[in-house]
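First chain A sits with chain B, and in the next complex the same chain sits with chain C.
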Partner chain A sequence: MSTSASPHDPVTPRAKDGRAPDVFVPDGWVPMRCHADTEEVDFAIVGAGAGGATLAARLAEKGFSVVCFDAGPYWRPLEDFASDELAQEMLYWTDPRITGGADPIALAGNNCGKGVGGSTVHFSMVSLRFRPEWFKSRSKLGYGYDWPVTYEEIAPYYDQAERALSISGPVKYPWGPPRGPYPYRPHEVNAPGLILGRAADRMGIKWCSTPLATVSAPHGKSPPCVYRGYCHYGCSTNAKQSALVVWAARAVKAGAEIRDMAMVGQVETSADGARATGVRYHREGEWRVQKARNVVVSGYAIETPRLLLNSATPKHPNGLANSSGCVGAYLTTQSGPGVWATFEEDIRWSKGPPNMAVTEHWNYTDEGKDFHGGYAFMSQGPLAREWGQNLATSRGLWGEDLQRGMADYNHTMGFVPVGEVEPRACNTVTLVDDEFDQYGLKIPKVTFSYSDNDKRLIEHSVKFMGHMLDAAGGRDQWRNDDTSHLLGTCRMGDDPRTSVVNADGRSWDIPNLWVCDGSLFATTGGVNPSLTIQALALRCADRIESLARRGEL
Partner chain B sequence: MLHGASAMLGASVLADSAVEHYRGSFDNPGMYTPLVVSAVTMAAGIDGASGQWLPRRMRDGMYALSGAVGAIGVGFHTYNVLRRPGGLNWLNAFYAAPIGAPAALSLAGAIGLAADEIAETSHPDRLKLFGIPVGRALSAFTALGLMGTVSEAGLMHFRGSFQNPFMWLPVSLPPIAAALTAKAAIEPAGERDGRPMTRSWLWLTSAMGIAGVGFHAFGVSRAMGGWRNWSQNVVDGPPLPAPPSFSALAIAALAALRLRDLEDA
Partner chain C sequence: MRDRYPDYDVADKRATPSWNDATRTALDQRLAVHPGPRFLDAAAFATLQALCGRILPQGERTHPVPLAAYVDEKLWLDKRAGFRNAELPPLREAWQRGLAALEAEAQRAYGRGFAALDPASQDALVGRMAAGGLHDPAWGDMPCALFFAERVMAEIPRAYYAHPSAWNEIGFGGPASPRGYVRLDFDKRDPWEAAEAQPGREAEARKANSRVGR
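Right after this comes the complex of A and B.
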């Protein structure tokens, strides 16, 4: 089908020689402004996901010269994405990593992404805002940490992100400060979502259709969602408003260069250690250096601290931007224990986006909790292979039992929360000194353990979701354990002694080194992070523009 | 002309309910009813507008059936909305059975019945419906029908986020036509200028209903696979048969205006 470089080809980039793949046209191209390595660009951005691609688009639209690097391919969804769960694992970051701690996080799955668009290429599109109090959860709710920004400062950027992504959501969102309808109307809720609704109605709690980043009506070149259900494995219709389809396309159009298949190994710094001077990256079999006036690290919560740590110099022996010791610390994830049940009725939960109905009841209710924090939970729609794996590994079914379990696939339904996890210094991303990846870079080690509070939250959610399934008429309940999202390893703050960057994502130690991705999160809240990451990136772009105007870059 | 409007409305309902109820897999056997009844209405309308081979009583029976089934349909659709999780809310208004849609059948039946009444008399200017001069009654009725259709289009186009600016047309042109028609229904006798303004808006509304099919066809082309994937996109895309119900009602309103002119004379 394609005469260009195959996406499975591990070395050959597509975006070069003045053109980038057109994400909307099989085998298509769009012109792209390209820069020489020796040309000192305004911004070198490492990572083209929710943080990096968003920032690249906005900075380019403001007239800055931008080169955005991604270690993975530049996909064309219409030709690269197949209805094949196994083949689509090419979207994940599967380079060697070590996971440890008392509750090791499963890596190389849905909590990572490699390629332009990052993990938004396969995310579930859930686009929720933070509860306003979470930005000051220490002062207002008595736990966690305060962010250096307020909800009021972020709210206009939530608006901007929701408009840019044409979020399809309820006319009136039942939680949080009153605001107008989402830019696009909600999708028709599938059967598992309606079961959540039925249970919530019976238990007297609020629920609604989930605000999703997939369009319910045409938008530009994106057709409306066809409810194919493979959202976790790459949307092959482009209804999904991923960073690949929205921001990367906008970035290239505005004059940014996106370099795919380009793994950045080090941020280069000046001899005195005071400034970042560019990035050292591996592309087409060789190491090269792109010069830049500013460097932004947007590699998500493992690769961002790993790159800063791997960029250590005699001036910065503990890694760049790490005078606080917080680079790689305060790693959080979000707990996601599943509770599942079998129903008499036909459900067919593989139809439509996987999480079509949500309740944020326990994000906005503070009474009746034996823990700090909150959680949202949603109806689920795992595909058949993923579900079979869950039945085999978590429920321990095999042989005939597994066959019987799978025969109930169309009658099964469950809930999974996005549970807030305490940020703790002991949960970390560090470097493994004696193990190297295919580029010769030290690999990261991810260490994670739940706190007692985290465990109480998990048990509370399991119990409550179980009641909900009972109320809806489900039988044969069982549970499993999982996590989603990785956050917090370069947290923002007001104090250089306890944070890596300030509210703009600018590092305290090196003024032209920035971070823009989920590692900025001081706390995680009980909602999926992608919308907040994009809102932070949009704010960062505006802040950079005003700093540049004042000559403070 | 009124029989023709009835037939056109019947055809619109037939095509629309066929596609929508097919989409709903005829989950309830009752979902076949509007297909049969709208076909009957259409037949009555064509008969009335052309040769009038059928005896009037039979034609009126057909129209009356249409009127009744439309009303029952509204009941069924309301029940469908209310029994879903969340009850009466935006989500169910968008995606459950459209509450107002079956009313189009009742409109078609009522317009047909009025047409036969008028045809029967040699003095249509003295004929009354419910004690109101027939021209006034029909003007009011079609104005209401137009506004009902405007709400339906408004709800559906809101569901489509008015993503194309032309989606504002059916919620901006017909209300003016409906308001002018309503004015014709209630203003004192003696207007003899032929109401050119009202007529123009009604013709415009009528033309818009036909153009709407073209816009909806364009909408179908914007779905994944476009017209090459017509078997899915015609079902899930903007409904091709829906917009001509504006044309049918506008034509009925034009006929009503003609009766109003007789009453004024």
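Right after this comes the complex of A and C.
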């Protein structure tokens, strides 16, 4: 038996004393450069997910000293991960939060990760680029906001991210600017994906196998995907190219320190409020302070604004980097209404990654819409418990009705979009004044309501996906409502009055305080955000290197 | 209901490459759940058992899934979901209040406790709870429909479909690590997957299902 922290031990860190877990070897270790709290490191990064781990790896590879904090464990998937939905709830962020608004967002599941690798440990691996125009959607498409970067500036980093993650995808991708083949060959499409394909062919729209961050052939120590279908519950074979397996491993190898089980409670600032000086964090039962020349907040769209708000001082009474009032505002998610149907064929949608076929038709078609924005949608593959919960809570089935509905499990299929949601100031992450978490920190409240435009997009997608299921031969259709992803609460922009950070993720108010995660998104687009988060992090690393060379850090 | 996957037992795969050590540990723990109650008092636990029996009826099974025990364990551990609707109290309080209110509603409507009611009367109360139609003062400021949707319907089905018996019922492959699947196309099953019985050909399915653990 392992002498290290077991997955059921919620307190003991693994990454310390000069070593970190080797994610590829049960009970294995790799050497890790460690820093004293008193040593002022170049970068303290808060969060080791798609934003933070990526940035940590690239900054360390460029020679900066880096300590990257994560509130959760440092998993070794091969030994820690069960093939079980309930046991793997350990991957989610389940610290207390309040959810409200007219359309409260369900949290703590697939949209929140806790642990090195963040949500990419349990993401669906869908790796799509933004439509180029979305970076300037106000100017080019007439809605939303312009980002302070262009597609052309991001494109090289999409290339870099796709190579680093060995994305398995089609030779010819049907949408977007001309591009070469994906680095790895596409996966065989499973039966649910073939239903999407059959329906798309009958409706005359394009479809393809989904570009996925799980390898179709060996890469390094990652074996090819074996189509277990438990992707939302952690990949126990390491085929999934999560930030844990790809970027954290690279970061440690390049000399970064990753501190697991380390919850950052405040970004510390100088007495005059002009500079960040480090982070105050809780590890092994005590509060400590790590000194740093720069602090990067990469906690995703709830924890990032929460940390900045919880770091308020007399000089920054409304929280750090918040002179615009935009910290915690413009929260967006992506709408994900499902349309489901029963088929004669044996489908067994639990086999293979959950989203093996995609159409971006409504991301790249602007005619025939009564709304602004776009959506992609994909074939689905929920596992038994997730599906039972959906039938119960969304369809309202209980008793024998629920059991009858569940009996069709292997004959059911459906589509779920990733729908663009309008960024609005009224959708927020705020602090609850009288409720505290296990660290004594004020807990966040997430308030969310759809706009009329959001609702029109949702209904359009439900109607279209319903036609698709009809075309594919599905019967007994029904729909539910859900969301995915959390974005936009520290948006980037060109104007310090209306954004938190600039195009590099550098805060307008405190020049050595940065943000690098999904909270940067000025708009969401209609694709899953992880590839864009990683592209932004890769770009941020290059920008930091350039600024440092010019003495502008 | 007809037995669509006769003789399929996902536990037959326990020693095969479909289950790794972490999976075996997790499922051993699940099957060894404390019978309870450890958190709820006996009266509330009896109400909970009766409620579970209506959300997921298990008839006269020899080994029913101990749903109330799973809910009680969750309360005993105070294992919260990680978020809650702004209109709901925390996990333990929501369940205690909800079960007490359901009991009060049964007394008010039928002059008997919820557990002592016949299934039709229990279903009638559950239906009214789902529709927001219960208003005994015992609910306090907690909307009964929200308690039903966010606690009852989230937690009881989740406990049931986390249990191998439920997977057997629906032909779910269950654990699949490190061995996943090879056949991904329509109407294809790997030899370690559940076989669905076609009417009149149950024997074939039984035979295939007896071999999933080989």
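A few remarks follow.
Quick note on the criterion: the second predicted complex is superposed on the first by the 552 of 553 C-alpha atoms of A that agree within 3 Å, B and C clash if a C-alpha of one lies under 4 Å from a C-alpha of the other, contacts with A are read in each partner's own complex, and residues count from 1 in each chain.
Keep in mind that, in the parts below, a contact is a pair of C-beta atoms (placed from the backbone, for glycine too) under 8 Å apart; a residue touches a chain by one contact, two chains touch by 3 or more.
Since we're looking at a predicted model, the values are computed, not measured.
Partners chain B and chain C, brought together by superposition on chain A, fit side by side with no clash. In the superposition on chain A, A:Q160 makes contact with neither chain B nor chain C. When chain B and chain C are set side by side, the one touching more residues of chain A is C. Once the two complexes are laid over each other on the shared chain, residue contacts for A:S323 go to neither chain B nor chain C. By the touch criterion defined above, A:P170 lies against chain B but remains apart from chain C after alignment on the C-alpha atoms of chain A. With both structures placed on the common chain, the touch criterion links A:T237 to chain B and to chain C.
Of the two partner chains placed by the overlay, chain B and chain C both lie in contact with A:L194.
Contacts of A:T393 after superposition on the shared chain: chain C is touched, whereas chain B is not.
After the superposition on chain A, the angle chain B-chain A-chain C between C-alpha centres rounds to 90°, nearest 10. In the superposition on chain A, contact of A:T498 is made with neither chain B nor chain C. Distance between chain B and chain C in the overlay is 7 Å (nearest C-alpha pair, rounded to whole angstrom).
Residues 188-189, 194, 226, 237 of chain A touch chain B in one complex and chain C in the other. Those residues of chain B lying in contact with chain A across their complex are 84-87, 90-91, 94-95, 158-161, 163-164, 219, 222-224, 232, 236. Of all residues in chain C, those touching chain A in their complex are 1, 4, 18-23, 25-27, 30, 54-57, 80-86, 123, 126, 130, 149, 153-154, 156-158, 160-162, 166-167, 169-189, 193-194, 196.
Contacts from chain A toward chain B in the complex involve residues 166, 170-172, 183-186, 188-189, 194, 197-198, 200-201, 207-209, 216-219, 223-224, 226, 237, 239.
Those residues of chain A that touch chain C in the complex are listed here as 7, 79-87, 92-100, 104, 106-108, 112, 188-191, 194, 225-230, 236-237, 345-348, 350-352, 383-385, 387-389, 391-393, 396, 398-400, 402-404, 406-407, 409-410, 445-446.
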